[in-house]
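Heads up, the next two complexes both have chain A, just with different partners, chain B and then chain C.
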Partner chain A sequence: MALAAEAFMTQLAAAEPWPENAALYQQLKDEQILLSDNASSLAVQAFLQMCNLPVRVVCRANAEYMSPSGKVPFIHVGNQVVSELGPIVQFVKAKGHSLSDGLDEVQKAEMKAYMELVNNMLLTAELYLQWCDDVTVEEITHLRYGSPYPWPLNRILSYQKQWEIRRKMKAIGWAGKSLEQVLEDVDQCCQALSQRLGTQPYFFNKQPTELDALVFGHLFTILTTQLTSDELSEKVKNYSNLIAFCRRIEQQYFEGHDKDSSSSATSRSAKRSLLR
Partner chain B sequence: MAAPMELSCWGGGWGLPSVHPESLTVMAYAKFSGAPLTVNAINNCWRAPKGEVPILISEDTVISQPAKILNFLRKQKYNADYELSAKQGADTLAYIALLEEKLLPALLHTFWVEAENYCSVTKPWFASRIPFPLSLYLPGKMSREALNRILLTRGGPPLYSLTEVEAQIYRDAKECLNLLSKRLGTSQFFFGNRPSTLDAFVFGFLAPLYKVCFPRVQLQEHLKQLPNLCRFCDDILSCYFRLAVSDPALIISLQMDDNLRKSPQHPPRKLTTLKLAAGGEESSPLNRLSP
Partner chain C sequence: MGTVHARSLEPLPMSGPDFGALGEEAELVEVEPEAKQEILENKDVVVQHVHFDGLGRTKDDIIMYEICDVFKAKNLIDVMKKSHEAREKLLRLGIFRQVEVLIDTCQGDDALPNGLDVTFEVTELRRLTGSYNTMVGNNEGSMVLGLKFPNLFGRAEKVTFQFSYGTKETSYGLSFFKPQPGNFERNFSVNLYKVTGQFPWSSLRETDRGVSTEFNFPIWKTNHTLKWEGVWRELGCLARTASFSVREESGHSLKSSLSHAMVIDSRNSSILPRRGALLKINQELAGYTGGDVSFLKEDFEFQLNKQLLWDSVFSASLWGGMLVPIGDKPSSIADRFYLGGPTSVRGFSMYSIGPQSEGDYLGGEAYWAGGLHLYTPLPFRPGRGGFGDLFRTHFFLNAGNLCNLNYGDGPRAHLQKLAEYIRWSYGAGIVLRLGNIARLELNYCFPMGVQSGDRICDGVQFGAGIRFL
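And now, the complex of A and B:
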């Protein structure tokens, strides 16, 4: 039954070309958005840039609630709304644009595996840091997450989300991990990505794929976000080819794109502060 | 050398040394890397399984999750990834993440959540190996934890009912199996001719799915349509997990053979002797059980 619904959606998607007024929704950039959501949003933006599809970024305080899956970012194209990178990639493919068509079967399997690695380790580590590390939660997350709303709603929403994320962490076995162990995992993940990237410009051939967009989204956000301590970004900085990779993508796809102010800090040292 | 190491894990059945994916992964890795482990299958005695299974006990250290156990074995110089290149090591991590994200939910569902499978196969099997009264409680708890995990990780909107979540996780699992099959191709193991950590994980996840006889078997049917993955499991079972002399079930059956032989009612018949080798380290496929 769900398969038929998907096929129907794909047909709908294929029917029209990409419109000019496509919009990508995320939370408020300067006051509200958190590390993990920012990373996901940047990954989608990078992917759409790589496909040469114009999209404008719209910031709304209730983006999370508008999204069909509860997660940001989501795109509003024509009369369809699609959220998260995976479904967006499929949606864009149905419209006839794809970055991974040139890959053979084994490479496609590898690409999917590496995307799962980023989701499994990097994204989960970001969520852990934001919601389960008490210092970060107190100083950054609680202040930012509900900031557009009045008291007491802001605290309630924040605690609710924290409870939800902590339940999930417990279910997958991350609740028992200490911060050092999580940072170790991040290091392992970055090492794997660095070894896979090697000296190539992108992960597969000379053309970027959705994996490049995803890795860029996460790594760039980690590098340019100021948290209570620098440990997370230090882990990424140990790998110079990953930094060069981020800079390359930023220069190629985001320079000159004036709407995207996340790239305004072009040099590595300038950090965008997430603290209020 | 290294201190003696003991692995406490769930036992075997249906031709497998263990029915539990994580226990099987650790046992497979130990065989691949030549680590001398004494395997203690949890059976119906008072030493009930507490907390996580499998558990490795070496002198005073107790280590519990498969990833940590494998790390410990590597530190003790039992390393099955010695010949892998850096990129292959990175690929290993990526594929393990793929298994955990895409295949594990469906595996948990097949074993613990699917009502027919759980009631007729999983619960009786586990309950028979846990001492009373824990046997009344622990399988139910494991089942609830599995369902919880599936719902929390995969059950958000736009999937609003358990049937939709089930459909999605089985679709993902079938796609994962297809990807693994494409990656394995025609080679014997995932990286060349020697098995490594990735082979241990893939074997640990696939073999229970392949061998355990369930009433509801949609994922098993799909797996059987991928002959290279089935061949992969069978090869590892026959090369690395031949029956060892210490297998108590086998000793009992040997004794029974002796008793039958001495009984006057049975005419002396040609005794089938089983040629057994002691605990399998790197063994050539030529040494098989001969009738």
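And now, the complex of A and C:
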């Protein structure tokens, strides 16, 4: 049933051009959004910028519940609602825009593999840090996650989400890991990415692909988010080509847009940390 | 001296659903003939003792309140009447399975020549009663388990627990009820619940988890209820194809509200009344005791019934309501009013009148609805005196409107807006009365004044429910 719906949607999508009023929904920027969601949202924004498709960012406290899959970000294009980077890439491809058309089969498989690496390692590490590390949970996550809601709802939602994430961690075997082990995994992941990137401007030489958008979203957010300690961002800072990569993408795709408050805020915080 | 056994008499008519089930057949009063027959009716008597047989955990003080009137009786007929009333009051407490009254002359050393002893023989309900049902509904089956603890601490307190486990949703409710001793009409209850609902007309799913406390008390002829309720509401889309306006309302909210309701009911029955009137006024203020939903909601319900010639009844009803959001947040879809359907303006699909977006009905902040009905017995009166009496034919005219108001404008503009696009319908059908609880209708309807966006159900429409326009 889901496959048929998917195919039907793709056909519908292909019919219409990209509208002017496409919107991307995420949680409230300053008070509510967490590291992992911010990373995912930035990845999608970067991807759409790379495809030259205009989109405005709308912040809603209930974005997570509005999303059809329960995850942010999601885009509202015409009549359709699509969430998460993977389906969004497919949706955009059906409309005739694609960044990975120039790649051959081997490269596409490689790209998929690296995207899986980022999702399984980096994203999971971010979730672990946010929800399973007690210090971070107490000082940052609980305060931010439920902030738009009144007491006692803020506490209830926060604990409910924490319980859900911890169950997921148990299922994939991360519950037993310590923070040091998780940071080690992050280091290994960054090492693999750094090696693949080498001295090239993008992962697949001259043109950016969705892999670049995804890596940028995560690394940039890690570098520019204030946490209780700097351990996570230090791991990324060990690899200078990754920092240069983030800077390059930020300058090329985000600095030109002064009207968009989200990207100007991004560049402000970027200047704060990248210039250190 | 004759012995009078006063067992049970025909019950006095009582209003409300609780008492309908307690009716028993009339029995003749037996007087054993003896050599000397006296006319007991006019004899002055004094009730000297009232005995209770069979009390277990029930405390004495609440019993005293219910039977104190018996002592005031002056003659025999009065004693029988007051004992009967006391019996009804005791049964109303909901703590006895059975109450029998025995009136006898007083024996013993301190007995007066005209002294009487009244004995109430009672059987208390068991400490715990349970029930188990299965229910089958629209594409869903569920198991319902009910537990009841009547007369928990001896003063007619009651704790009930209901748990429903279904293929789609699970819901439960726990409630504690305590009446004031001596004044059963004044009571308070505390409820804890989780209910889920699916509303296909709005493509909306709602889960409510809440706690509420309410006080009921009568003032003169009216019944008042004061209630505080705190609800954690979770809204979600029922299908992937829900409109974006409904998608925007998904998420969590907390409503903490105080409400007051007043009911004056002089009808002889709540289902198919023959005479009397009903007025219900309800107001709710949310947001001042916490939560993030803030509004003032008013709604009223009025019904008037009059019996005409040849067993027919004319009935007129009017409903209306208004929701005023306080502050700059717009109202939530879960608080708004809905209109249309077999229990509301007939001829339209369920809740399918008014503001909508891509086929999902969003409800409105103000509405009114009115109905005129004529109920007559079935033509040619089949099954008269028995089954046929449960059915009535009915002719109706319904009208109503649902819209959002611009609260900046004055009342004149509001009235204009409400009178702008009136939907109305007329038709006829058959009504079946189910006990004193519910009513089934099968109507043939002609909807008129249909606006674009409304969904109609012209032709045959079936409805079942408790509250009909």
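Odds and ends about this structure:
The rule is simple: the second predicted complex is superposed on the first by the 257 of 276 C-alpha atoms of A that agree within 3 Å, B and C clash if a C-alpha of one lies under 4 Å from a C-alpha of the other, contacts with A are read in each partner's own complex, and residues count from 1 in each chain.
Here is the rule we go by: a residue touches a chain if its C-beta (ideal position, glycine included) is under 8 Å from a C-beta of that chain, and two chains touch if they have at least 3 such contacts.
Everything numeric in this text was worked out from a predicted model, so none of it was measured.
Chain B and chain C, once both complexes are superposed via chain A, fit side by side. When the two complexes are overlaid on their common chain A, residue A:Pro68 makes contact with chain B and with chain C alike.
Computed from Cα centres after superposition, the angle at chain A between chain B and chain C reads 100 degrees (steps of 10).
When chain A is checked against chain B and against chain C, the one touching more of its residues turns out to be B. Once you line the two complexes up on chain A, you'll see the smallest CA to CA distance from chain B to chain C is 8 Å.
Applying the stated touch rule to the two superposed structures, the overlap between the chain B and chain C interfaces on chain A comprises residues 68. Within the complex, the chain A residues that touch chain B are 1-3, 68-71, 105-106, 108-110, 112-114, 116-117, 119-121, 167-168, 171-173, 188-189, 191-193, 195-196, 198. Of all residues in chain B, only 65, 86-87, 89-91, 93-95, 97-98, 100-102, 145, 148-149, 152-153, 156-158, 164, 167-168, 171, 179-180, 182-183, 185 touch chain A in the complex they form. Only residues 232, 235-237, 240, 244, 247-248, 250-254, 290-292 of chain C touch chain A when the two sit together in their complex.
Every residue of chain A that touches chain C in the complex is listed here, in rising order: 5, 60-62, 64-66, 68, 76, 81, 149-153, 156-157.
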